[in-house]
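Shared between the two complexes below is chain A, which pairs with chain B and chain C, respectively.
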Partner chain A sequence: MAVCIAVLTKDNCPLYIACDPNEDSLKLHFLVHTSIDVIEEKLNSATAANDPRDLYLGQLYPNEDYRIYGYVTNTKIKIVVIESISNPLKDGDARQLFSKVHGAYIKLVCNPFYSPGSPVTSQPFLSSVASLMRAKTIA
Partner chain B sequence: MSRSRSAVDPKRVSSELFSLTYGCMVAQLLKDFENPEEVNKQLDTMGYNIGVRLIDDFLAHTPSVTRCTTLEEVAEILCKQGFKMFLGIVPEVRNWSASKDKFSLVISENPLAEYVELPPHCQDTLWYSNIICGVIRGALEMVQMDVKCTFVGDTLRGNDSTEIEIKFVKILEDSLPAGED
Partner chain C sequence: SSGINAEYGGPDQVVQCMEKLGYRVGFSLIEKATKDEARVKEDVDIVKYICKDLWNMLFRKQADNLKTNHTGTFVIQDNRFRFLTRVSQSEQYKQRGELYVAFTCGVVKGALANFGLPCSVTAEIDMSPTVKVTLTLQQPPI
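Showing the complex of A and B:
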């Protein structure tokens, strides 16, 4: 199940981080922070690689308790999903989850009163990310 | 945009551009004037200027439209042809007053307000789509009809529906043989 979904800007500032309340949020924040390095490394090395339109980076690095997946959009917005090792996400599911989070982000950005880069307070975005996190617990 | 990927319909793509443009304009107006009431007035004035020009375009493209003799006819043409032509929606006409001089237009899906969420400080005062009121007022004034057009509800504000109230005031210049019923 997804225990954390994080959205980061191109300067690696956190736009929005949602953690499962049962987990230690500090540890999850730390994991998100460390995954930034891995994402940057992948981005710098994958220049001539098979870049599909949206860079789904797959599993970033192994950890004893969690699996960490990354995704980067063309505008360098990074989405990181951490999920616990007990219920691993299949590749197709992970891609779908990322594209749904990306879709929610697009709707957020289309709001003329939201300035990109500022902290997210939009209710529709918060509730759709929350439901995506919950949905994976049922799947 | 996620939607334009699936259906490359030119009309659909330009409607998103239109919504974004209008949204940026309202956001800029809010930044410039800071007072939502003032922004409402500005939107109404802008709409009025659009309406006085739009009516000629509308009448040129719909030769089947003849002079209206009743307010009901005006409402029908406004919704079924006017709104359909420019915004692609057909609002519902409701709440006729007893003296038949006032009615409401209920818009189910407002293309201007896609993806919009009002900031908390103008949640209760800003009428986001107030430009529509101005357009209706301006257009009808050019056909010698003086109306008062105001918003009474907006889904962006948390009301049940987006509703515009149109109240007939008078015929201008007495040039119609019969005004309203």
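Showing the complex of A and C:
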């Protein structure tokens, strides 16, 4: 179960951040913000440990309470998922989760009534992300 | 030719309108199409993606030629531009031909913008149905 799912624009501005209401959202926002640097570093490193063509970046950096994962699309949109140490997702599940968040974002962009970069009010997107946050395992 | 132009205030406005429509389409198309693709890194790879994959999606064929001056200008050439192959090649329809390329220019512009490469896109039709689309990157390549 994720405690936070965040989508950031090309310019690293927060587009949408969903946090578990039981958690301190300010702390989670801060973690998302600090992970931007790590993401940029991973993108720019010439000798990436991961396959440099992979969109999924894996775990970004260690933290005592949380696991933080990153993903960057070809359109420079960054997705950050934070989960608590006490309830971790398996690696396969993490990739699936990013894939689904990415899919929800694509549907949002393809909606002609949505202007890219503007605040998100689309119900289908909001409820997709909300149900992904609650899911215990990702199908 | 006065019908549509009169409603939009002239051929320039029509071209602008078509480009805007194309921009939104190109933007969304790239968002969707690059979902499961490997990361496209260099500027050149992005332009190649436009020539091969985007052209294939739009016209079921790839662009025929790509030239660059290595300082941020690329020229994509299509020798049989799909929207002009049925249009007569006589001089009198040359200006009308520009309207048929406007949407595509918008699509390319929107696609590049979503890749993070804002640029200006113009098209020339010297010898229909050959079309040359010129991309000028707004930031000089690193």
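Definition applied: the second predicted complex is superposed on the first by the 127 of 139 C-alpha atoms of A that agree within 3 Å, B and C clash if a C-alpha of one lies under 4 Å from a C-alpha of the other, contacts with A are read in each partner's own complex, and residues count from 1 in each chain.
In this text, contacts are C-beta pairs under 8 Å (C-beta built on N, C-alpha and C of every residue); 3 or more make two chains touch, one makes a residue touch a chain.
Bear in mind the structure is a predicted one, so any value in this text is a computation, not a measurement.
Trainee: Applying the document's definition of touch, where does A:84 land relative to chain B and chain C: first, second, both, or neither?
Mentor: Touch status of A:84: no partner.
Trainee: Once the structures are superposed on A, label A:12 by its partner contacts, choosing first (chain B), second (chain C), both or neither.
Mentor: A:12: touches no partner chain.
Trainee: Please indicate which partner A:112 is in contact with in the superposed arrangement: first for chain B, second for chain C, both, or neither.
Mentor: A:112: touches chain B and chain C.
Trainee: Looking only at contacts as defined up top, I'd like to know whether chain B or chain C touches more of chain A.
Mentor: C
Trainee: Examine A:73 and indicate which partner it touches, taking first as chain B and second as chain C; both and neither are also allowed.
Mentor: In the superposed model, A:73 contacts chain C only, not chain B.
Trainee: Give one of first, second, both or neither to describe whether A:63 is in contact with chain B, with chain C, with both, or with none.
Mentor: A:63 sits against neither chain B nor chain C.
Trainee: Tell me which partner A:25 touches in the superposition: chain B (first), chain C (second), both or neither.
Mentor: neither
Trainee: Once the structures are superposed on A, label A:55 by its partner contacts, choosing first (chain B), second (chain C), both or neither.
Mentor: So A:55 only meets chain C here.
Trainee: By the touch definition at the top of the document, which applies to A:122: first (chain B), second (chain C), both, or neither?
Mentor: first
Trainee: Can you give me the overlap between the chain B contact set and the chain C contact set on chain A?
Mentor: Residues common to the chain A contacts of chain C and of chain B are 102-103, 106, 110, 112, listed in rising order.
Trainee: Over in the complex, which chain A residues touch chain B? Could you list them?
Mentor: For chain A paired with chain B, touching residues are 102-103, 106-107, 110-114, 122-124.
Trainee: Quick check: in the complex, which residue numbers of chain C touch chain A?
Mentor: For chain C paired with chain A, touching residues are 24, 27-28, 30-32, 34-35, 37-41, 114-116.
Trainee: Within the complex, which stretch of chain B touches chain A?
Mentor: Its residues touching chain A are 1-2, 16, 19-20, 22-24, 26-27, 30, 114-119.
Trainee: Per the contact definition, I'd like the list of chain A residues that touch chain C in the complex.
Mentor: It comes out as residues 10, 52-55, 72-76, 102-103, 105-106, 109-110, 112, 116.
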